[in-house]
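Data first, discussion second: the structure below is written as structure tokens.
Letters A, B and C mark the chains in the order given here, with residues in each chain numbered from 1 onward.
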Amino acid sequence: MNYTIKTELFSGPLEKLLELIEEKKMEITAMNLAEVTGDFLNYLKNIQEKTEPGILADFVVVASKLILIKSKALLPNLELTKDEETEIKDLEARLTIYNEFRIAAQHIKELAEKGARSYSKPLLAALEKQRVFYPPQELKLSDLSRAALNLADLLKKIVPEPQKIKSAIITIEQKIEELLQRFQTAAEHSFKEVTMSRPKTEIVIFFLAILHLLKDRIIDIEQKGQFEDILIKRGEQPTQ
Amino acid sequence: MEEQIKKIISQIEALLFLYGEPMNYKKIAKTLGIPEGEIKTAISAFSSELAAENRGLSLIINQDQVQLVTKPEFGKLLEDIVKEEVNETLTSVALETLAIVAYSGPISRAEIEYIRGVNSTFMLRNLMIRGLVDRQPDPKRSNVYLYRSSLELLKFIGISKTEDLPEYQRFNELVKKLWHEQPSS
Amino acid sequence: MEEQIKKIISQIEALLFLYGEPMNYKKIAKTLGIPEGEIKTAISAFSSELAAENRGLSLIINQDQVQLVTKPEFGKLLEDIVKEEVNETLTSVALETLAIVAYSGPISRAEIEYIRGVNSTFMLRNLMIRGLVDRQPDPKRSNVYLYRSSLELLKFIGISKTEDLPEYQRFNELVKKLWHEQPSS
């Protein structure tokens, strides 16, 4: 039986982000991250259906941070909390480290491929041909059955965790739905109005939803000046 | 000593260490790609080197066969190691492995490792050396062994067959279900 | 070298040869009936002795574990002698995780995931099943495990201790610095 785990084959969100930055031959800075946000969200959208929720969730976490960065770039007067400022700095730092570890991984790969391996002898090779029985004196039947009870717990652990994180994805879809419904009644919305008095995390998800809809030309957005509100309009194509 | 012969001695040491069994000169020469004559010279030099006080190994040379073993003065050492190993109570990790083998054997190493989430080569070998676990080749797959509890173990814990283990049915089915739900990918 | 230490080296050589698997200092000391301090001194002297040109073996030392192995330079030469299959290929994702564990271990899963930005439960499990990564409970936090390179990994890539990894210092400090700057996560 081959128990190779499928998740191994996917590149993670940081890897993808680095790829996008490298494609443009840019350095890892907040400004440049804002630059590739659109590409990252497109990629996320493309893999959304084919990818396990667990992996998608990892992408959404990074996406929400990127949107924060993008929002700040688009709306310079958007005030970020200390936590959010740290989060942005944090993403930069993690990308830098991650990038370095690709070199470390390369070192290990080269060592492994060189075939300069050490070999050892099996445990007590000299006893191989003897047939002996050394039971631990205190071993009882109950020890075995107790271990078997623990085994039942072990077996449960193997089955992948229920997909808690799916809610993060659903939220984006819910927001898209919410936006679409608003456009049934009015043709134009202000980003400020729509997001007023909502928690910042939700604003971020809203922004992600807007970018999704924008990509499909379901909506258009308009911003008069750098510090102005964003107007969200119904796109040229029918909404449904 | 010449550089060349030193190099050959080091290769012979590594080879005999790994091979374990007696090896004949011809095979050594072939494996190392060195003429048999040079191998003979090197083995004789190696043998005298091993006489040094800081060495724990020696060579047994029998006609054209040679084997790397511990010096005769360490004859009792193996016994000491085994005693040390055996007197230790079974660790919880060993007990866990033993339970898996007892309740769901015959079972392959890959399957045991899948359940435990840890490489189990050492643990299985340890249990085999103690005679608690037996293995036999899988009739269906080449190079795969199936592990199960030894008859001595069953006798020792006072049952006559694995099916007599407490709650045998439940655990055995649990494991079987696992293979059904998680088909090989 | 003192007579006494030579004698201990010969005993250690014989012991590790017979045992085969990694052994910790404490167990070596107990089996040979020699104080642990003397064992440590002898092992360090033994390790330098093995660097000599006429020796084909070397020691791998990982924290408090020691194993007697063949020198990595004979890896290709001995490939055919080893019966186990060794065609382990590592995907780039596995290599990335392995690199983080090897260069910055002992390290928790949360920390690994922080660097990788991806849930790493299955990857770590996979590496543990292959025996390339070891884990142990964190002495400071309950229910937290710390992951580090296994002796098997060191054998696999042919180095004798983690610190011998290329650019070890640089990568190790990189991660240490990260925890200093971002203590919260």
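Definition applied: a residue touches a chain if its C-beta (ideal position, glycine included) is under 8 Å from a C-beta of that chain, and two chains touch if they have at least 3 such contacts.
Predicted, not measured: the structure shown is a model, and the values here were computed from it.
Distances between chain centres, each the mean of the C-alpha atoms, put A farthest from subunit B.
The most central chain, judged by C-alpha centres against the centre of all protein C-alpha atoms, is C. Distance between chain centres (mean CA atoms), subunit B to subunit C: 20 Å.
Centre to centre, using the average C-alpha position, subunit A and subunit C are separated by 32 Å. If you average the Cα atoms of subunit A and of subunit B, the two centres end up 43 Å apart. Touching two or more other chains at once are residues 3-5, 119, 121-126 of subunit A.
Annotation for subunit C: residues touching 2 or more other chains are 17-19, 21, 68, 70-71, 78, 81-82, 125, 129. Residue ranges of subunit B in contact with subunit A, taken from their complex: 17-18, 20, 78, 81-82, 85-86, 88-90, 92, 95-96, 98-100, 102-103, 108, 110-111, 114-117, 122, 125-126, 129-132, 150, 152-153, 156-159, 165-167, 171, 174-175, 178-179, 181-182, 184-185.
Of all the residues in subunit A, the ones that touch subunit C in their complex are 3-5, 7-15, 54-55, 57-58, 61-62, 90, 93-94, 97-98, 100-109, 111-112, 114-126, 160. Touching subunit B in their complex are the following residues of subunit C: 1, 3, 6-7, 9-15, 17-19, 21, 27, 30-31, 49, 53-57, 68, 70-71, 74, 77-78, 80-82, 85, 125, 128-131, 152. Residues of subunit A that touch subunit B in their complex: 1-6, 119, 121-127, 131-136, 138-145, 147-148, 150-152, 154-155, 157-159.
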